[in-house]
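Structure provided below as structure tokens; questions to follow.
Order as written gives the chain letters A, B, C, D, E and F; numbering starts at 1 within each chain.
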């Protein structure tokens, strides 16, 4: 009877998982979805406690208490910007748990149960990869770990070794406890080698993949115990996670293969022109930009010659309107020599019917920057170049500029790292507050409008 | 071995069904989806022929040949406009087949197999309802059968009788062949009574519901034979069909309950406010409009004073660009007195930078209408009013107009059914080719841009 | 039918028929006589006319031979006499203002069709010279204002300082006023507009202008879209409201007309004095006395630093396109008037009825009867 | 320091300093003398100046008392003499053209700062009168053209027919040319532009204009953005390409200048004859001889139906804003030149170096040495 | 109650299948555009013709002497085939309008 | 080959479940807007913490003498809990920004 109740609880939990994920894929219901998934999890855990003959309950509860405390603590105290790292960390813990279960179970498994054994090996290997990979991903995001070139072939050799060892363990006909630890070790190293060479900017995709892997280990663990909730939950997370990985890569205009198998994703991202000398300009994508913009109180647009070249005047006005719909105040900071003729920006913005009241002169807007959440520099360069203030040797020294880095965030939209009219580099692009949003201004702005409207 | 191959074929068929339905829900892939589902069906049928000990193969083949011939004949020869009727007819055939299977099987079923018996009864009852209901629905769509008010309670009594009879048959402990025929009969009558009172305009929703019911009978039949492909296929069709029914009702701004349980739905459909006198203007939603536009070769925009009032000049240009991205040719047909001052439309469209070459004079665009797929009339009224040609008593009689109804489809965007400058009614809005897309021009156009881009 | 086109008096640069229309009329079976040099000032040389089949002849010949005589500006008495009774003359005659002239023309036995009398019904829009010429005037008024203004229209933020956009006020948002609004907006001005007819508020806004509201205006639907005389009380309120707008404006364009009456004075000399020095007023109502106290028709005067351009003859300053439009209007009327090459004065037709002023020795125009 | 602002000669309507600048200069400790009526034609009455603390005095007083004398147009010899050696004069002197005058001024012992010589480096943009005045000229050129054109600029589809948009060609896409492109676009014209510097193609397109490409131009980076003389072969090709554009244009605006040389002739009389009658040419290069063969500086001539407006003095026709901008430029230069209220002629500074023509009895301007 | 729990537990596999299949059926068409409503209805109608499998089976196991059953079975196969073949064919015709995919520029 | 067919046939129920679950997993998130990528990743990460069930089971069945197993099991429960609790909590925090839906004007 009890075991039947457990079965039914698991069934309910699975349904709650599905409904939860489904709701989570829409902004309006995402929070509800998370709660429903949580309820599903609680049902599953509660049911598990009903399992007849469960020992060490106190120990279990203690472990859970510690885990709960730690989990809540980290989740509450982490900075908004460090969340992806934390997700990666938690994911690694899940992988580790699966690997540990595998290790313990191996002791109890009769050597001739090859099917179960294979499943167990999968848990071990994948769990370990997920664990070490996640921790590296976290370190990379934190900026603690630098990109290292690791030969991909070497990495594959590691994976091959792990697989061969597992095959041997399964077929040797005798318990091989030490080899099993060896498998874990090699898998851990493979996890490192796998994630190390991937660029920091691509980490979200990698984390999503590792997350799918953790899902797979949950499923394999489920097979091990013939436990439906782990099996189904694992499959769900695995398949959803895999799709999510593809979607995320697509959103970054990259293929997953390109991300995983091009060493130094960071470097190849850099090939897009984002680094000059040792300085690396930090990129941002459309979605993150649109979030930054949508949740700002005040956004100041600083248009430059590039806006005119891209003929993006209508697009920028559309963005202005989309943001104002969301209650964001949008102003334009007009530098007197932005563009290539006196009044160039006025001509452009008048064409797209931007209200004159929104066009603020340089001196006035400079005063407003400290209370501005996001400055969006669109195709401007010289007019926001701090060299005009700082560097007496610069040809533009002495020109008053728009001091955009007095705002909280700066997004710079331009096609690459090319210099402007004066032909000089711009330190603003390497400023800690600056994020580059590369692309033709019109395309980027059109994309932003869509994103903002979808928020 | 053979039975295992059959199992696998069925598994494959189910996957093909799922993929097929999935693809069918997007315009670009719908045809492919249909083909894949068809392949799935062929796989399932072929596998069934492998069943060991299958008799009467010749008979089966003859029946299939006749069915194939008939099916193809009807499908090819039917007029485009009569397709829903045909779908309803085919659906009825499926229901009938399930009921027939039930009848035959009843003879072979031991009286004590209550579980199977119940399933069989379900097949019988639902199949019969689906059969008679579908035929009535078809007749209604054809206009052969008129709306008749039937007391809903009477209908429910019929259903209750069928259920009671079925219960008796199951529990009587003896074969009740005659009663079984009785059940079929009562169910058939219930099907009639169920569909009869529903208005012709609501038939598509009813057909979709009946289709879901046929799916359910397929599933019950599958249970009867413990046949996975029927079971799974049936569940899929049943659940998808049910959702589709809800979606269709929603698209008509009605609830399913309202359709099914309000006698004479046809009458209440008129209450949406789009009718004037006896004429009813047909509405269209953003989604359908955007598909119509996206799949057109040539779209002609006819702007009027409403475009200016809504200040939608930028939005219309955005739509133009979005459609051209999709390979649609977009032109503007400019009536000489559109708006409220000479050249009003020119001023507007120049502001949003619509190319001069796209603005076509009245006489030239009138010649192009016959080769135009969609005319989008935006906030124009008098300048497209056929009364100017037809009605000598009209104040605008004698004014040359844009003869938009020479195009294949006409979409009219305006806020309501208000008249224009001349204060007269416009028969164009009630033309068979015309669909009204109500709303402020700017809002509607902005919505269309989003939809078109998402296609 | 023999149609004759005369050369206009010296101040006028337009001409009644464009070669395009002449071509169509000739192929409909008519004969067309053109006075030597008739189109020259509209950049339409004689050979353009002869190329489409017209005969280039002297003025006298046109007057003597043509059965239908075209001259935009009224024909002088002697030439009307020379033409002789029974002929048809088509031009712009302001019948409601020039009542005596109308009586005289009637007595001469001429059939007069005055283009400015075409009723403003939908069907007649393509013949409506008031609309087409107002379009020219409204556009040109803004150009004149911009050319005379010592300032920029658009806003400019430059290294040599920020230039604020010019403030433009358009009084009277009829055809000319709306076109002025559109043109001023185009040039980058900040545009306000005012009219006694509240219904034009939406129209002004549809062009991106701001409407100055003065509550309480009388509107007469029966006036066919025209304005009617307002109450004294309203006029006072209007004056107060308008003054505020006027004195902060760089450019004021006035077009307020009430058909058949003296134009209302909307800018008094007191207001003028308060305006910014350098401001410009373009008064399109000058022919009817002007909306501005200081206006002199067809002259530019400066009062206290404010330039006042009284210009009722702006279409003549854009002769090429103005001719095209006027000619198109006339041609569209002729389509109604001529049955092939025969005159067909169908007084059942509201357009003919409304446009024909004198016929058979009598005044047939209803408002004058 | 005592600063003196003179009234300009009659044809000029601008004035060197705007009351705004005067106010700032006075609060920096200077004294400012204004000649009676100096700003009148720019709508700046004397009381506006006295209100900010300037002294309104006679011309003689300004010349005698001021240490630094402002007049946009060159001071006549006698007044320079009257001012006396050691004084600073600031205006627009065209040093590369008026070489003898420069020698004379040097010999008089005056320090001359010529505003048009300000180097075109980034830091000097706020003092660059060539840019600011070209902005005015480019804008005004289009307005003049539109006001003189017998046609509409924008396209209009009306009941009286469809009016095609005017075709505008801008030759020379420098500061004035670009502003002309922008203004013509605004008014609804279809704009093409041409320049020998291929790098401006992008700039033209950034304003919505179409660039007419003539391959093979010589460009000299060292010329600091200015154009250089072209090869004969190129000139021929250019001429052919341009002719096609010119003869289909309704409006041509020419701004092609090469510093210190006669302006290149780009529209020959042969081309003029082929242009549409009624077309308008505005030649902003007229002061250097013009880009059009028929151009007469500061006059409007008509050749074969084509109106040619030679206008090198357009800024004077928009005195209010032109004065604001010029004054801002001068004021920005003064910020560099004056240390509080002391003159600080720092010849180390590239701007002073480039702008100061004569000093201490000698010509110090590098290009003239 | 206990019986129900028992039943669910015993048939849990079936329940998983059922629940998942319902989810799939719903999810798969949840975003269908309105223009595709009718074709999709038609397509899923064709799929409900999967009872043809049952028809074949029932006719296939009928003894050649049982004429009534033979007749009913024959009819069942015939009607089910009609449903399948006609359903797919008519769906295909409906979808023909989506064929001419315009070339992207 | 035969073996595989055999295997599939025997476990067909499992295959149906697997295939359907994969479909559900994919379908359910196929339309997720890009802004939700990260929260959804975080949420599904929390769900992958379902291994906690396994951890509990493994620790629950370990005999109190097997210290190694106890230790590993303890760690497994602890880490899995961390994953679950932290996962849900951090997801919730991420989703908080969707709460303060700014007022539309």
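Just so we're on the same page, contacts are C-beta pairs under 8 Å (C-beta built on N, C-alpha and C of every residue); 3 or more make two chains touch, one makes a residue touch a chain.
Values in this document were obtained by computation on a predicted structure and should not be read as measured data.
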Self-check item: Given chain D and chain E, the chains that contact each of them
Solution: A, B
Practice problem: Specify the chain most distant from chain D by Cα centroid. | Solution: E
Practice problem: Pick out whichever of the two, B-E or A-E, is joined by more C-beta pairs in contact. | Solution: B-E
Quiz item: If you list every residue number at the chain A and chain B contact, are more than half found on both copies (same) or fewer than half (different)?
Solution: same
Practice problem: Quick one: point me to the chain whose Cα centre is farthest from that of chain C. | Solution: F
Self-check item: Centre distance in Å when chain A and chain B are each reduced to the mean of their C-alpha atoms
Solution: 42
Quiz item: In whole angstrom, what separates the CA-based centres of chain E and chain F?
Solution: 33
Quiz prompt | Separation of mean Cα positions, chain F and chain A [Å, integer] | solution = 19
Quiz item: Which chain B residues sit where two or more other chains touch them?
Solution: 18, 22, 232, 336-337, 342-343, 347, 350-351, 353
Quiz prompt | Per-residue multi-chain contacts in chain E, two or more chains | solution = 16-17, 21, 23-24, 27-28, 30-31
Quiz item: Of all residues in chain C, which are in touch with two or more distinct other chains?
Solution: 125-126, 131-132, 135, 154, 156, 158-161, 163, 186, 188, 208
Self-check item: Set of all touching chain pairs, with the criterion as stated earlier
Solution: A-B, A-C, A-D, A-E, A-F, B-C, B-D, B-E, B-F, C-D, E-F
Quiz item: For the complex, which residues does chain D have touching chain A?
Solution: 121-123, 125-126, 131-132, 135, 175, 178-179, 182, 186, 202-203, 205-208
Quiz item: Okay, in this complex, where on chain E does chain F touch?
Solution: 13-14, 16-17, 20-21, 23-24, 27-28, 30-31
Practice problem: Within their complex, state which residues of chain F touch chain A. | Solution: 17-18, 21-26, 28-64, 66, 69-70, 72-99, 102-105
Practice problem: Please give the residue numbers of chain B that touch chain E in the complex, ascending. | Solution: 17-18, 20-22, 24-28, 30-31, 33-35, 37-38, 41, 44-45, 48-49, 51, 53-57, 59-60, 62-64, 66-68, 70-72, 74-76, 78, 80, 83-84, 86-87, 89-91, 93-94, 96-98, 100-101, 103-105, 107, 204, 207-208, 211, 214-215, 217-218, 221-222, 224-225, 227, 229-230, 232-244, 247-248, 251, 285, 287-288, 291-292, 294-295, 297, 324-328
Quiz item: Which residues, counting only chain B, touch chain A once they are in their complex?
Solution: 314, 317-318, 351-353, 450, 453
